[in-house]
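Next up: the structures, one after another.
Note that chain A is present in both complexes that follow, paired respectively with chain B and with chain C.
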Partner chain A sequence: MPTRGTLIYIAQRLLLIVFTLLAVSFLVFITVHSLPGSAFESERVHGKALQLVLHQYGLDRPILVQYWSFLTSAIQGNLGVSFQIRGLPITPLVMRELSVSAELGGTALLITIGIGTTFGVLAAMRQNTWVDYTLTSIAVVGYSVPSFVLAGLGELIFAYWLPTVTNGAIQYPANWTGTYGTLVELSLPAIILGFYTSGQVTRITRAAMLEVLQQDYIRTARAKGLKTRVVTVRHALRNALIPVISILGPLVISIITGSVIIENIFGIPGLGKEFVESILGADYNVTVAVFTVYALLIGIANLIVDLLYTVVDPRIRY
Partner chain B sequence: MTDPILEVRNLSTHFFTDDGEVKAVRGVSFSVAPGETLGIVGESGCGKSVTAMSVLGLVQRPGKVVSGEIMFRGHDLLKLTREELRNIRGRDIAMIFQDPLSSLNPVLRVGYQIDEAMYAHDKIASNAVERRGIDLLKQVRVSDAERRIKDFPHQFSGGMRQRAMIAMGLSNKPDLLIADEPTTALDVTVQAQILELLRDLNEQTGAAIILITHNLGVVAGLCKRVLVMYAGEIVEEGTVEQIFESPQHPYTWSLLRSVPRIDANRGHRLLSIEGLPPDLIDLPQGCKFNPRCPFRVERCFTESPPIEQVAPAQHAACWVTMERAYAEMGAGTITDTSPGAASGVHPAGRSLPPAEVPAAIAEPVSD
Partner chain C sequence: MATVTTPILEEYAGGTIARAQVGLWRDGFRRLRRNRLALAALIYLTVLVLVAIIAIFWTPYNPATILPNTLTFLGPSAGHPLGTDDLGRDLLSRMMQGAQISLIVGVGTSAIVLTVGVVVGLIAGYFRGWIDNVISVFINIFYGIPGILVAIILYLILGHGLGNIMIAISATAWMDMARLVRGQAFSIREREYIEAARASGARSGKILFGHILPNSLGPIIVQATFVIPIAILTEAFLSYLGLGIPSPLASWGSIASEGYAALPLEPYMMLWPAVALSLTLLAFNFLGDGLRDAFDPRQRR
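What follows is the complex of A and B.
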């Protein structure tokens, strides 16, 4: 039941996202076009032939004109064509890669929230016992070991030492859409991707729970004769989630940036892999498209996080 | 005399901190009759709240009940399992707390928090809970209860929150309601309303009330019997008239003299009790009040006075008692209430040598 104020707030935020996308796409457009080299350098086309190719892609026009034509077609859902695979439309390519990355990132986010809050609550309930020490140690490992180290280790163990266990699952065909056998295939990269963020959520949840459990209303809840489980989940955890939600925005960004590394190490054909390849190949249009999609994702994720606040904490209203 | 509903015997609760063992409650015994209103008064940190929390088993680590018995309906609450005790909390013995803002969960609706107490126990049929929630809110005089029950605590005023707390406490028709400083965080007019409400509820529902407060006026307004606590012990016990009209323990006497009165001469300074309550980790020898007592005698430094009957239904733990202080030390007229001022007794090595002490007691110091 969103109030009128909430709807206005959402509209404002969406408008802000539009402006952000304009700014990001413009800056990225200018930047990638000023990079040295071009997509056609390796193809040994010179002189008139090169001019012809550049003209074909409209790259001989002034840069602002190019941006304008990118923008007008992007608004209609057409993000242009790839230079590397000549003439391949980018929109369906990016959409397919987005679905793969979203699946990977979404699984990592679920792992983050599920494992992170569970570990955090258990650690707080058993403060200064072996349970607490074990879980906080896992969390510390999670947020101190870089994901590329864990990813390399995971590949070594599951793809090299134990290939039979995974049944060759850690191999992703180039046009993979993530639609078959998905969870098995994504579980290892998703766990590694969510490990860092789970550690952060564990840490924040534990600290928040310890603080909340000292509050007067927890004493009231116990004095009412509520069961420990009810006191912990309904009274303590709901309040402890408020600081957890506040770090959710940065964590989503961590997952997105982490996915770039993980996808490249595991060879998952998602947005993050395309991101690196397009930059290396000077495939300007793809780079701009991927950047813009990332900006959109982060904008929407932050909006959702801010709306989640109002769900968990009734004192917050927009 | 009916059997007491609650009988606390020799209760001691200590906190095991890094700095040492804080002996917050030491050997406290008292009882509450059905329907009775008992006040527990004392300064901050004297162990009133810890006593109440001990009764409900709500003392958190590092605190622990180290000895004693808490008999409720023939069962020792300290020997019950966690589940058995949980079943008594909020159902047979309810407790309401000091700061109604921090004592209500900010993210749950007020009605939900009231109903939840009833769902947790089987005393109220679950299909009657919501109706009773609204009725309770009406009973504690929250206007527009049907609508306000859906509010969150931050939408309530301080007085309304305390009323909601009381409604919560009464929801399961408890036999005993423990109110820990229920009026402290409220302004005076609201305080009076809450006290009146508690008095009405006591008369209507017959629930016994233990009222914990540092405010003597609040006790006078609601309670029939009073316990005075000092440094974790009960120093005096009596009817409200006895405590206010003929206090026998010097601490009670001093406490009463430190209350501002509208009919007092404005030129007079309020008498404060000099010094601070003792460190509960490192307690003084003998009577715990001796470092601050104007009427102390030599014996107070060596032997702890037992609580003894000083009048019908009145008990005090003091070697001197005010009766003697009035008769021998001129307590009625003294203006200097500094430690040892009336008796002239000072610890060995200070102003008066011990040998002179008996003489000093024999003669009234002033007048």
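What follows is the complex of A and C.
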């Protein structure tokens, strides 16, 4: 049952998210509008015709007025229209891309937590043996090898050397066939993205496990004659997972950042690809919309993680 | 307390083996030397720095010149140890120039982050009050905004150039450093020796840079080291997308991007920047880990 303090805390955090969205959208709005070039430059519209187009999209008004009209319609869920694809409403576009990115990011998050906790527990159980050294080294390799390097390697292997493994589903250059990609198409980018962040989870899990294994209640459990597996999973792992939940927030941020890179490499039609394309095409409204959605996602993810923390560890109160 | 000075009285030391006093730095370096991975990383990075310095004065060929009478996608040979690229430029020369750019961006960004983060963090943590509130609210509002998105936008606005790419990456990276330094200043200013310094008439500047900063240097150095691989990776990715270092300058990221385009023809062209980037990032991460174990004992795993 949420206490009064928790509710006040949630309210404060929601207020902070609102402030973040206002600040981020304003700054990005102002900044992208000062970018050189415009979406209509390549169209060979000049003089009066250009004025007309600019007027049509409201781009001839003072920038603060433009921001205000963006803000008022954004609050009602209307993020405006695209310049590149003339008049295309952005809200449904961004929602679809968000679902694609969420599919990729969600899969990667599961892979990260799966690999990270497994490696972390194994490394802690075999502390200071070759198992420990190997697994912790893999963790560092994970976030040291750039994802575009892994992507290139993965494509070389699966598109050229061993195309039969995936029945030719992984193509070069990478490009998703459908909006959501097939399971095979999804697997390579999701594994690369998940592997990148798994190193952090490995380290945290390992450190937490080592600390928990020193606790008195573990000794008690062992003294009772419980099997190692039961002690590890039921007594140690459960408590060791608390710090892992605390880094879920930064983890989600890392995955979002990583997905921008991965989506552009693998041609995945998600938010990250749209962001880069919109910036290059001076499609201001889309850039601002995507950036604001990212900020909202991160704010909500952090809030959920903090609340989740109080659930798994009742000692924590806000 | 820049040194561990536990004065051992004569009568006290009698029964124990009085250990020679070791300063924090010497103690830290001793621990660092015992860390083989960190040592290997340090050796690799030294070689890399040497290569980058040599590249200022000499590269086998001009890295930007399209060599006459040279085939494109030439495999490794005596004349071109790493082969040539899609335009027939010498890849070893380009990789050497790439090393230069990666190191400049990494260390330069780290220096900017260090300066801004330390100054802002110290001010917030030491003076507290409204100035801390303003800084903390600012950092809280922008905390977690993916740095790469900000870097892409800013770099396009600032225009091409090595300095601008460093500023674009620093724009978000300084906040982590400021948070860290603020926390350090917050706790250290409550220590007795700060009180003693203040009582003996030391000014704020002297306390900040003479007492608080030296005592939080360990975690600051560790954090600054970890900024380097992040900056190198961000620059490489921007160049990979074609948004980074302008052609004909060679960045490991842009070589990797050209290599990716040529992947089915010549896999080795992607191989060189891939190996170089991976090893360099790995080395900085191992070095950072080693420094943390050596100089930030409270965080020791």
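What we mean here is this: the second predicted complex is superposed on the first by the 289 of 318 C-alpha atoms of A that agree within 3 Å, B and C clash if a C-alpha of one lies under 4 Å from a C-alpha of the other, contacts with A are read in each partner's own complex, and residues count from 1 in each chain.
FYI, contacts are C-beta pairs under 8 Å (C-beta built on N, C-alpha and C of every residue); 3 or more make two chains touch, one makes a residue touch a chain.
This structure is a prediction, so every number in the text was calculated from the model and none was measured.
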Combined model on chain A: chain C and chain B, fit or clash: fit
Touched partner set for A:28, first chain B, second chain C, both or neither: second
Chain B versus chain C as contact partner of A:146, first or second or both or neither: second
First (chain B), second (chain C), both or neither touched by A:264: second
Residue contacts with chain A in the superposition, chain B compared against chain C: C
Partner chain(s) touched by A:93 [first = chain B, second = chain C, both, neither]: neither
Partner chain(s) touched by A:221 [first = chain B, second = chain C, both, neither]: first
Partner chain in contact with A:315 - chain B first, chain C second, else both or neither: first
Superposed arrangement (fit on chain A Cα atoms) - minimum chain B/chain C Cα distance in Å: 9
Residues of chain A defined as touching chain C within the complex: 16, 19-20, 23-24, 28, 31-32, 34-36, 140-141, 143-146, 148-149, 152-153, 155-156, 160, 172-173, 203, 206-207, 210, 249-250, 253, 256-257, 260-261, 264, 275-276, 279-280, 287, 291, 294-295, 298-299, 302
Complex contacts: residues of chain C adjacent to chain A: 140-142, 144-149, 152-154, 156-157, 229, 233, 236-237, 240-241, 243, 256-257, 259-261, 263-264, 267, 270, 273-274, 277-278, 281-282, 285-286, 289, 301
Of chain A, residues touching chain B in the complex: 215-217, 219-227, 230, 234-235, 238-239, 312-315
Residues on chain B engaged by chain A in the complex (per definition of touch): 56, 58, 86-91, 94-95, 97-99, 102-109, 116-117, 120-121, 152, 154, 165, 168
